[in-house]
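Okay, so subunit A shows up in both of these, paired with subunit B first and subunit C after.
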Partner chain A sequence: MSDDRQPGPAGVDRTDEPDLDRGIVEAWAARMISNPERAYRASFYVATGFFLVTTLFPFFWLLIVAITPRGDLSDIGVFTPGGTPRTEVTIPLLEWTLAVPAGIPADVNAAAFLEIFDPNVVPFHWYIFNSFLIATVATVIVLFVASLAGYVFGRLEFRGRNPLLLLVLITSFFPPAAFFVPLNRMFNAELEVLSPLLQDGSLYNTPYAIFIPLSALYLPLSIFILMTFYAQIPEGLEDAARVEGTTRLGALFRVIVPLSAPGVATAGVLTFITVYNEYFFSSLMTDGQFQNWAPMLAGILKFQGQYQVLYDLMAAASIVAVLPVTILVIVAQEKIVSGLTAGAVKE
Partner chain B sequence: MTDHDTDTNVLMRPLNWLETQSEAVFAYVLLAPAFLLLGVVALYPLVRTFQFSLLADQVSAPAPLGGVVGLENYVDLLAGRALLPQQFLDPTFQTPLLQQALFVTVAFAVLSVLFETLLGFGQALVLDQDFRGRRWVRVAIIIPYAIPIVIQAMIFFLIFNPTIGFGTEFMQSIGAFGSNPLASSSDSFLIVLVADIWKTSAFMALLILAGLQSVDRGLYDVAKVSGASAWQQFKYITLPLVAPALLVAMLFRTMDAMRIYGLIDATAGCQTVPSLSCLVITSVFGTRRWATASAVAFLTAVVIGLLVLVYLLTLRNREVGMT
Partner chain C sequence: MASVTLDGVTKEYDDVLAVDDMDLEIRDGEFVTFVGPSGCGKSTTMEAIAGLTLPTRGTVEIGGRDVTDLPPKDRGISMVFQNIALFPHMDVYDNVSFGLRLRKYSGEEVEQRVERAADVVQLEGMMDRMPEEMSGGQRQRVAIARAIVREPEVFLMDEPLANLDAELRVHMRTQLQRLHRELDTTIVYVTHDQAQAMTMSDRVAVIEAGELKQVDPPLTCYDEPNNLFVAGFIGSPSMNFIEGEITDEGFTSTYTDVPFDPAAQGVEPGQAVTLGVRPEDVHLQWNDEQAAAPTDTYGRIVDVLEPMGDEMFVYLLSDEDVEASAEGRGEGQTLMNVGPGEDVAAGDDVEVVFDREKIHLFDTGTGQAIVHGLE
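Up next is the complex of A and B:
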């Protein structure tokens, strides 16, 4: 909103006149009427505040659950951890009673953040490790395969280009459930060929069963992002590299990919985040044991044990698991924004 | 362009061969890995899903799939005769589960996309302004979109947990929720809806923001000079020009909402809020009805496919109309 102030209509004076003889509310209302810019600005701040509170409050509350001592879990307030002294306040007209915090909590327990790594409860670091490994491998596969495909779709003219591109697009529309039954059978089948590599010859309970489907599922988005970036590299640069004696593939990986580094980073960051965040295959392709490559989500659900639910540990583990993606979002926000919009608009 | 690479070891030989081929062959070879991956994980399984759906269920035999029964599974499903895990929404057990799942999925998609569009538009309008700290407000608004589904589910599971969360108490005080919302289908549906809106409004916001930023600012100056109010500016300039971006974003969100599974599985559970994807999983693991599950899965794909087809045809007609 522009800040240039113009005199109000009909010669109503600017708002700097002394308001000393008016009440605060009246003065505020008068200023709003004489200067609608101000009213817009106020509503803008209200909207911004509303969106900030609604998006960030759940994380704050998660932290409150995590630091509440286990005995006080049933006493957690909206803004204060369990065990905080409160006094009842009755709102006169509505006859509601509100428990208002009246002091600092007796005991705060940060040990939950250490307990989640206790090998006797749930070794959460192993689940995080599995998730990182799966997400990294999937990202590398997607970047390599999508680079080849993005180069072809972005720079080459050949018969069948448009039907093939449409096929990639259509594949990305189907729900994972539509592939699940045959894939589940395929990954549970015991294959003689694989038995030297894997314990029982089946892909179930191995990272392959997660990163192979996820690489394919998130491949189309990266193809569309890289296609746009690769198409923008001038023809002359590629030709120059070819004259210098590189092969066509060499020109792709030595000239086009490095020059499209922002696009490759965008596709990489988005793929990493989506694979790390995925639920469907991540929850169904292992039995939930960290030895069997179960990813982070299985770890969090493990705190919901057979005999008791460790709510504070669930919350602490969630905070720990959310940190990597939060850092990625803060560092690479421009890339994420441009990738999501470019991907969707191209498709 | 000659290739003066004299190194002809095993690794280089295929690369050199590739170099001598025409552009079309080169293109197909480079596309091979992508289509191999898509073929193994998506295209082939899609065909197999359809094949499985034509077979008989064998609940207790060693092999879960029996002989060919044709379209019987589909007929049973649509007629409500199929034996599916549980029937929860309707206490009288009159409504077939497929209809329930279809209703849950479509209702969820429509409601979540509606609210996400409204909130996303609000967020986009805020982010479209120039102000100090805009970068950080944008980070705050994107963060929910980037968090893992299981954590999104955990947050709302904890908030609406009757013992520790404040959500249930609040909703009960205004008379909206029963005693244990995470065990009640309608209450859980609302929780899942709110959780989804919280997370994915940001996606709508980003796509709408891209549309907003492509609007020529000069139009607003013209509108101001001719005395248009803020609402008129929004209605006659912003909305029509953002509409294409908005429609693309809504299509993406609708497709995404129709495959909902993880959020439900980690909060209320698939028995309480049966979506179509949930039904596929519970039929496979709950009752070992692979053929029925395949039929449900294929129906889901068909429903989404029809949606996309309608959209693509509309888009094509518009492009034809333009040229």
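Up next is the complex of A and C:
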């Protein structure tokens, strides 16, 4: 092979290489080898596409279910709402028959998105409000307590720190169900002390019954996240704040927390989403009435009656229920990004 | 303005004694520098004054008030940190006014004071910059502005110039001195750089291993060091030490004999002493008129020359068999500081003299100074 013009592996990076005698695949492979960036970009798009399809397809399907008229719910296709005209197509050789959509559905039921707010059926907005409030309160409590704990575990040296931290983290190893029976008995007990605050002196059917156990259960994770962030803030900054006139607590909330914004946002968003979406305590600590602080999830389950399951309304409610979290994440994400670009944790 | 009094301040960590029973009286308006090698406890002492560290024992008084158990914010102090420690999430104005806003000063007062402080450190027009957009020197000035804006009684500075480049450091040194003159505040300054200690302070506190070795004006520390540590630490390049013994005739060692009457100097024959002489007090024999009282001549071999422009350091070996040691100069090696044009070259045999009036004698065992200057 003394001929320089001969195409081959040695000639790959020669840009003037004529690739006339190559097949399409071979030429594509050669381009990938000479320019690996392209290969990386291609695989990035493939992977991203895969994840987007697998995560977004359920939402798409929820949407299809929601807009299908109630009578056509059993007729929902893979990509089309129920009631879409279809034609049978027989695949040659395999002798399979596929119902391929042909034409647009005769009736689309967008009213499902309004019906879910009907106070005579299920006032779903109240359930969302309950959940939103409970999740917000739980997030605030968790962030506050976890900030204090994260400060102690992340920035102070004391005897028994690691065993204590382990003890706190162990709480999160238990399945929440393990706590249910004692908590349920406790929250149903009528405590005279609480009578002035609560109607019948028990915590059942109050928001406390949901956010107290949930705050406690998701606290360890937030403590762990905040601890690692707070530990990275230079000692000098805290000292400077204290000399300038804050207490240790003041330094925590005026200097350490703002500088750990990405960590605080992460812990906050995680807590909010978990509490907002939580099923177990949410469905068992109230009787399912919106007046009794039943959360979003109980509302969705309300569409499942004794004789009829209103799938279209459940689907519509599920989509609406996602919106508050979506908005929160978009807002928090901006904070996270701004916190990172400010070069916050730097001396 | 206030005095600072340390009384028996001790700080013990689990296995280390960081500050050992320190007594110190800093007068009102005085500029005192804590100087010593890394890890000698000078920063811990300052943190004890600031209230960032609780002393294990002892009391701290500021302005006659016992502040040992008060948090930093109630001590009437402000501090400039080695790593500058500006709040990265605040602009210059917010950084400087942080303490004032915490103390609920009125908006107008805050503005006026910030303006005045910015004026002192020449920060006009930078008020809305973020710390990461500024150079090291500018950040340092912001940190100083933040410290002076509250008009504290005591101003603490923990190696404030350590992270600056050499040129800026010299510049800021004069700035700080001017600042001290203008503010007339008590300043406690920590550094390991003895040049800063010498140039700026009213008094230098030399600390080694948590112990105060000497507290005196810089030139006293230089001319009359209390002990071997201070003698070796203050002055750059440091003093030459020659270990030897007292005989009836005076000081004797392998290569250097200095005759004197032991009784007149308060030493006993047989006592082990270390003779100290600074490089500028070693003279070439043909320059012996520069010495107030030249000693006998000693034969030395020129090892290395270090011309600095305005002066020249000459490393001398006592004997060709003596190896120059990297760790420091001992008996065999002597450093001499001569004028830049002296006619010496590496390998020359030269005769040198010491200035008897600038010779120090230390007790080798205890390190304590015995005599500064022989008659």
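Basically, the second predicted complex is superposed on the first by the 274 of 347 C-alpha atoms of A that agree within 3 Å, B and C clash if a C-alpha of one lies under 4 Å from a C-alpha of the other, contacts with A are read in each partner's own complex, and residues count from 1 in each chain.
One rule holds in what follows: a contact is a pair of C-beta atoms (placed from the backbone, for glycine too) under 8 Å apart; a residue touches a chain by one contact, two chains touch by 3 or more.
The shown structure was predicted, so the numbers you read here are calculated from the model rather than taken from an experiment.
When subunit A is checked against subunit B and against subunit C, the one touching more of its residues turns out to be B. In the superposition on chain A, A:Glu26 makes contact with neither subunit B nor subunit C. In the superposed model, A:Leu259 makes contact with subunit C only, not with subunit B. After overlaying the two complexes on the shared chain, residue contacts for A:Phe280 are found with subunit B alone; subunit C is out of touch. Judged by the touch definition given at the top, the superposed model places A:Glu190 against neither subunit B nor subunit C. Residue contacts after overlaying the shared chain place A:Val243 against subunit B and subunit C alike. Overlap of the subunit B and subunit C interfaces on subunit A comprises residues 242-243, 245, 247, 344-345, 347. Touching subunit A in their complex are the following residues of subunit B: 1, 3-5, 15-16, 18-19, 23-24, 26-28, 30-31, 33-35, 37-38, 40-46, 48-49, 52, 122-123, 125-126, 129-131, 135, 137-144, 146-151, 154-156, 158-159, 161, 163-166, 198, 202-203, 206-207, 209-210, 230, 245, 248-249, 252, 255, 258-259, 261-263, 265-266, 276-277, 280-281, 284, 290, 293-294, 297-298, 300-301, 304-305, 308.
Here subunit A touches subunit B in the complex through residues 1, 40, 44, 47-48, 51-52, 54-56, 58-59, 61-62, 65, 73-74, 76-78, 82, 141, 144-146, 148-149, 151-152, 156-159, 161, 164, 167-168, 170-171, 173-186, 212-213, 215-217, 219-220, 223, 242-243, 245, 247-249, 273, 276-280, 283-284, 296-297, 300-301, 311, 314-315, 318, 321-322, 325-326, 328-330, 333, 336-337, 340-341, 344-345, 347, going by the rule given at the top. Contact residues of subunit C toward subunit A in the complex are 47, 50-52, 71-73, 77-79, 81-89, 98-99, 102-103, 130, 132, 146, 150, 156.
Residue ranges on subunit A touching subunit C, taken from their complex, read 234, 236-237, 239-247, 250, 255, 258-259, 342-347.
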